[in-house]
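Before anything else, here is the set of structures, which you'll find just below.
Below, subunit A partners subunit B and then partners subunit C, in two separate complexes.
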Partner chain A sequence: MNQNNIKFRSLTRIRSYILLLFLIIAVVFVLFVVNISLGSVSIPPVQVIKTLAGIAVDNISWQNIILQFRVPKAITAVLVGSGLGISGLLMQTLFRNPLAGPFVLGISAGASLGVALSILAGMWFGLALTQSGIAGTWALAAAAVAGAFFVLVIVLIISSRIRDSMSLLIIGLMMGSATSAVVSILQYYSRAESVQAYLIWTFGSLGGVTWEELEVFVPVILTGIILSWLITKKLNALLLGDQYAESLGMNIKKARFLVILITSVLAGAVTAFCGPIAFIGIAVPHLARSLFRSTDHRLLLPLVAMTGAVIMLGCDIVAQVPGTEFTLPINAVTSVIGAPLVIWIVFKRQDLSSSFS
Partner chain B sequence: MQTSLNDSIPSVRIEYARRFAVNRINGYDIITVRSPWPGSVESYAYILKTSDNTNPIPDIPGAQVINTPVRNIVCYSTTHLPFLEMIGEQEKLIAFPTTSYISSPVFRKMATDGRIQDLGPTSEINFEKLITLNPGLVMAYTMGNDLGMIQKIILAGIPLVLNADYLENHPLGRAEWIKFTGLFFRRAELADSIFNSIRSRYLEYSGITAGSTDRPTVVTGVVYGDTWFLPGGRNYASIFFRDAGARYLWEDNLSESILQLSFEAVYERASGSDYWIGTASYETRQMLRNADSRYAEFKPFNTGRVYNYSARINPEGGNEYFEKGYARPDLVLADLAAIFHPEVMKGHKLYFYRKIE
Partner chain C sequence: MARTPVISSHDLAAGYASGKQKKIILSHIQIEIFPGEIVCLAGANGIGKSTLLKTLAGLLPPVSGSIMLKGKPVVSYTRQEIARLISVVLTTRIPIGNLRAREVVALGRYPYTNWLGLHSAEDEEKIKIAFGMTGTRELESMLIYELSDGQLQKIMVARALAQDSEVILLDEPTAHLDLHNKISIMKLLKDLSSKTGKGILVATHELELAFQVSDRLILIRENGTLESGTPEDLILKGSIDSFMNYSSVIFDKSSGKFLPVRSPGPALMVHGTGIPYVWTKNALERSGYSVAREGSEYLAAIHIDIKNDRVFWTIKYQNTMEIVYSIESLLNCLDKFFLHV
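Our next item is the complex of A and B:
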């Protein structure tokens, strides 16, 4: 049996893990600074460092660009990468399926439905939000959370009734299809401008998150990450199969409930603030496992969080097309980078399912 | 014998419009519409037949023969409608896709009275209803994605002409399409004189502002996702700003279409601009600030020089600016000139624009 208990690991293996983790954390820091240094507007690196160090620079416009635009965006990239990476890991473990991602339960489809209702059928749904005092980005975030929560409640109710995780996967996929169909109907009957606004939301956006929104976004993602750290033992047991986990005396339904709840918080918050970011959730856990082979979530979790941050910061640098005034939609970049990455890992590893048995 | 349009002489003088021309052969007016959708190379010829002309109809391959004056008409775009009203043929409109988008009180009344049929969403015209109505003319526009449906309507024996007003880069070029509409109703002279008076007023206002030495800077649009959409320097909107005596901050750009820039690129160039014109769906400064707190860093936000084209929005969300703005560039220009140069446009009451409070 391939049950890797940390106690029996050789010391060198642990040492190489710690070294790897520190290396990746160092890469996160480097990319964070590079990310802030590059953008549509060219700002000399000295000025960037001065601004970050809190020293006043000559050009107030540059200082504002760095502090009001680039730093919040870089922080958002780290949160999105870590949050989606971890929720992808949780789903892959819950379903013991390498193709699972944060959105298999229909969370992003639910969020899309909420946003579609708000933008496309905006007259009645959006109006209620506007009148309740939440408008603009907050309205979209609130609509996304409402939609994701709606789907989540249904999935949770179903999950408490059924024993088999695989059935849950199918139900999640069906929920996704059903909500997408409703979104299509809404699009069909909407004005071109509204459809355009909705489509732009689906492209994803890291730059729309300001300091104000980070005050909400940071604690939510941190809570999700801490909660997932607290259930790593349960995750290790789940990976061995429902029956095995039960034989260890674990309440499988309760564990499943927790995993789904944490995933929803992480993926739901990311989708609410940044739109449905594609591929990161599926690709990052595989990439982390290819860097360090393990089935122990106490080792995987920090690695996935940091790898996610690296990938997202990197994707955002590409999306800025440094040196030009133009940008690419972040989703196009994550998909273009994410899809070949997964293919490459599959080729390299040959057998992905070995991590799930 | 085949006739070449090149041998004929223009019968209607076209000054600003680039996408259509009118020639006369054997006493028949022949309208040629060039490149009627973005990226198209096709051109379409329409031979306007009259009952009093007994000459042989010119043999032009692919040309449609249309009996004029047309007994009634179906239009696809709200921008086609003001011309009907201006030449006094409003009663001839018998159907429109999604009548709730119409702003004009005249046509709204006709729609409520059941005199204008609703053909469903523009993306999917109700073909059977259209065929049953058997209109004398369908005035359509296309983005190139529904050519199959257009072909089907022509094959069903219904005369259909393509209107390309939305591709004209000069404001007066769009207004000049009144001549196109006028020809089908045999109202060419009336259309010509209406256009001439619009042109004189337009040139009068641009002449007044040209005398002003002060050219305030202007920025336009808002961020969607991570992208700020702005008209290129050769775009319709840019020409309006120039003629209204303002310096559009991207006027040196050579693009005729829409630029997609990053927020920081726009911030760097335009945060100190004098005016901000066109804030899409944001109607108050509070809404702008809620959507993105960084909007509040723009100078016009704090000096109160923010205006939107939303003074006339009907209860169902249709904006009169998008309907009538093409036909009445003189009204748009008068508004803009009064915003930028209140000293020379004394007493002008804004028509399409309103100040964002």
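Our next item is the complex of A and C:
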């Protein structure tokens, strides 16, 4: 009787989960179209859908704007939201800390160092990366990847030597601070134009990603998402703590290595193509959990990916300040929306510190 | 036929080894746990019980020596095979309070499920049995931070049961629990060992509880040596007296209890029987009096009588006699007589 009751309840729970997931996917589609139709030039959503469906539109310039600029940007927003959301979820689970995000291990700091070296120090060696402007994202992306990878390797080496995940968190934070300090020194000795170019990179940008870059960006993020889906069982066991997870037969060092690697791939790729995007990684997992209370990563993962896409598409719509010529730096928008979101969740769930997941 | 221990250690040294530095906490450990027995591992706080337990569980690498599982060296097993043989209940808190009791117990099936962690009918059955045996069915859908310490500990035992291992190692499972829960957990473990045939090793510093449930007791002394035997043998041999070497506590062999050392106060003769006698004696000793043996000298005499279902005490001291109707008045009266002594 009781057992049947529980079974019944878990069935209705799964049903409501699937409904919620479909609802959010629908919202992603709607926001995708809205995102494309809004901007400095407003395009009617019907025309957007027609263009996306491959039906010829009367206004060729609209078609160009949509296909060359806005569609890649909207796809980028979806990738950034999903990628950062999932890497935030992975870090919060690994460290069992509600404030962990994709960048706690110094990945964005490492990327910043790479970019800073290429922009700021680059001129000392006669490299003129800044000349090609922010649009020269390939070089910047390569520099960011190199920097992020450098920090990642150090963190991975350290993680294979220590048993305690909490120590790793502290080491990650310190690595971040140290790399930021190097960036500060570089800035201090650089010319104003270079500093400005670097600063603009730190503001983040979804618009700089071209179709060719998406050919790399899309598979990288998809790989990260699929890999994280493959380790959901390990993630669930990690919730019991390192020692219990180990007693269940899990190789904790291998699991930690995988989690860090996947996080780095996702967060590193996003940072390389779009700059350091703040707050999304921390806020999205909490938002997803508040939509559906669960600790099961098999359920959380798709939800976090879709919620991330919704938030990022929304942030980008706000950043364009619809109906005006202005655009805001995306990083400012994500922080302005993300910070109150986290505060709201903390207020709503007073017990956050003991039960964030 | 000689029984094979489910887990045994041979000249094991437990401790922490990092790089070239070795910190050995306990060495030359020989332990054997057989199927169906509950063994308590007793020792003072900080003596290394946890370290030993974690080493046996494979959570810490042995500094030296070896561990055998069912007669084969532990290194010949895979992680998954070990997880199917050994489960643990640790002192560490579950960091995520938002897990449901059911999810915690279900994670015990980790070594049996596929990569996605989907449960078979057998997994579901084992989880159901684990809740049933620990008497925690009604807690299934609760969040673990809503549980009391006693309930949480039972859920952790249920999780270990769901893991369906042949040995369960528990580290201080009764710490932070009230007396009722302490006894209830220990009884549960005792029942599990006899009903399921699992070997259970419980690290504890509560000897009085250990005397009541354990088939064997392993004492870790201050100097790191181990002594093993049935609790009764250890008591008769006098091992317990020398084990708890505190000046303020003595071990009372007749009751199996640890009592505070009392300096002999004024001797009183107590005449009476049954429960009232026991508690009168308790009250007098607790208040610093000593109860005189038959034939020895005493300062006052107390008679316990019952009239109309009511207990009363008659105190005879020198030429005075008083009758009181409660232990409290008895003690007050005695204080009046002996305060100046």
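Going forward, the second predicted complex is superposed on the first by the 330 of 357 C-alpha atoms of A that agree within 3 Å, B and C clash if a C-alpha of one lies under 4 Å from a C-alpha of the other, contacts with A are read in each partner's own complex, and residues count from 1 in each chain.
Following the convention adopted for this analysis, a contact is a pair of C-beta atoms (placed from the backbone, for glycine too) under 8 Å apart; a residue touches a chain by one contact, two chains touch by 3 or more.
All of these numbers come straight from a predicted model, not from anything done at the bench.
Chemist: Which chain makes contact with more of the residues of subunit A, subunit B or else subunit C?
Modeler: On the superposition, B touches more of the residues of subunit A.
Chemist: Just checking: does A:99 make contact with subunit B only, subunit C only, both, or neither of them? Give me first, second, both or neither.
Modeler: In the superposition, A:99 touches no partner, neither subunit B nor subunit C.
Chemist: Could you say whether A:236 touches subunit B, subunit C, both of them, or neither, answering first, second, both or neither?
Modeler: The second partner, subunit C, only.
Chemist: Would you sort A:61 into first (subunit B), second (subunit C), both or neither based on which partner it touches?
Modeler: In the superposed model, A:61 contacts subunit B only, not subunit C.
Chemist: Of the partners subunit B and subunit C, which touch A:170 in the superposed model: first, second, both, neither?
Modeler: neither
Chemist: If you stack the two complexes on chain A, which partner ends up touching A:326: first (subunit B), second (subunit C), both, or neither?
Modeler: first
Chemist: Considering only the touch criterion stated at the top, classify A:26 as touching first (subunit B), second (subunit C), both, or neither.
Modeler: In the superposed model, A:26 contacts neither subunit B nor subunit C.
Chemist: Once the structures are superposed on A, label A:203 by its partner contacts, choosing first (subunit B), second (subunit C), both or neither.
Modeler: first
Chemist: What residues on subunit C touch subunit A, complex-wise?
Modeler: Subunit C residues touching subunit A: 54, 57-59, 78-80, 82-84, 86-88, 90, 92-100, 102-104, 107-108, 110-111, 113, 115-117, 128, 137, 140-141, 143, 145, 163.
Chemist: Could you pull out which subunit A residues touch subunit C in their complex?
Modeler: It comes out as residues 2-3, 6, 9, 96, 230, 232-233, 236-237, 239-241, 243-244, 246-251, 293, 295-296, 298, 351, 354-357.
Chemist: Looking at the complex, which residues from subunit B come into contact with subunit A?
Modeler: Answer in residue numbers: 101, 121-124, 223-227, 259-265, 267-268, 271, 282, 286-288, 290-294, 297, 317.
Chemist: Which subunit A residues qualify as touching subunit B in the complex?
Modeler: 39-41, 61, 64-65, 68-70, 123, 134-138, 188-189, 191-192, 196-197, 200-201, 203-208, 210-212, 275, 319-320, 325-327, 329-330
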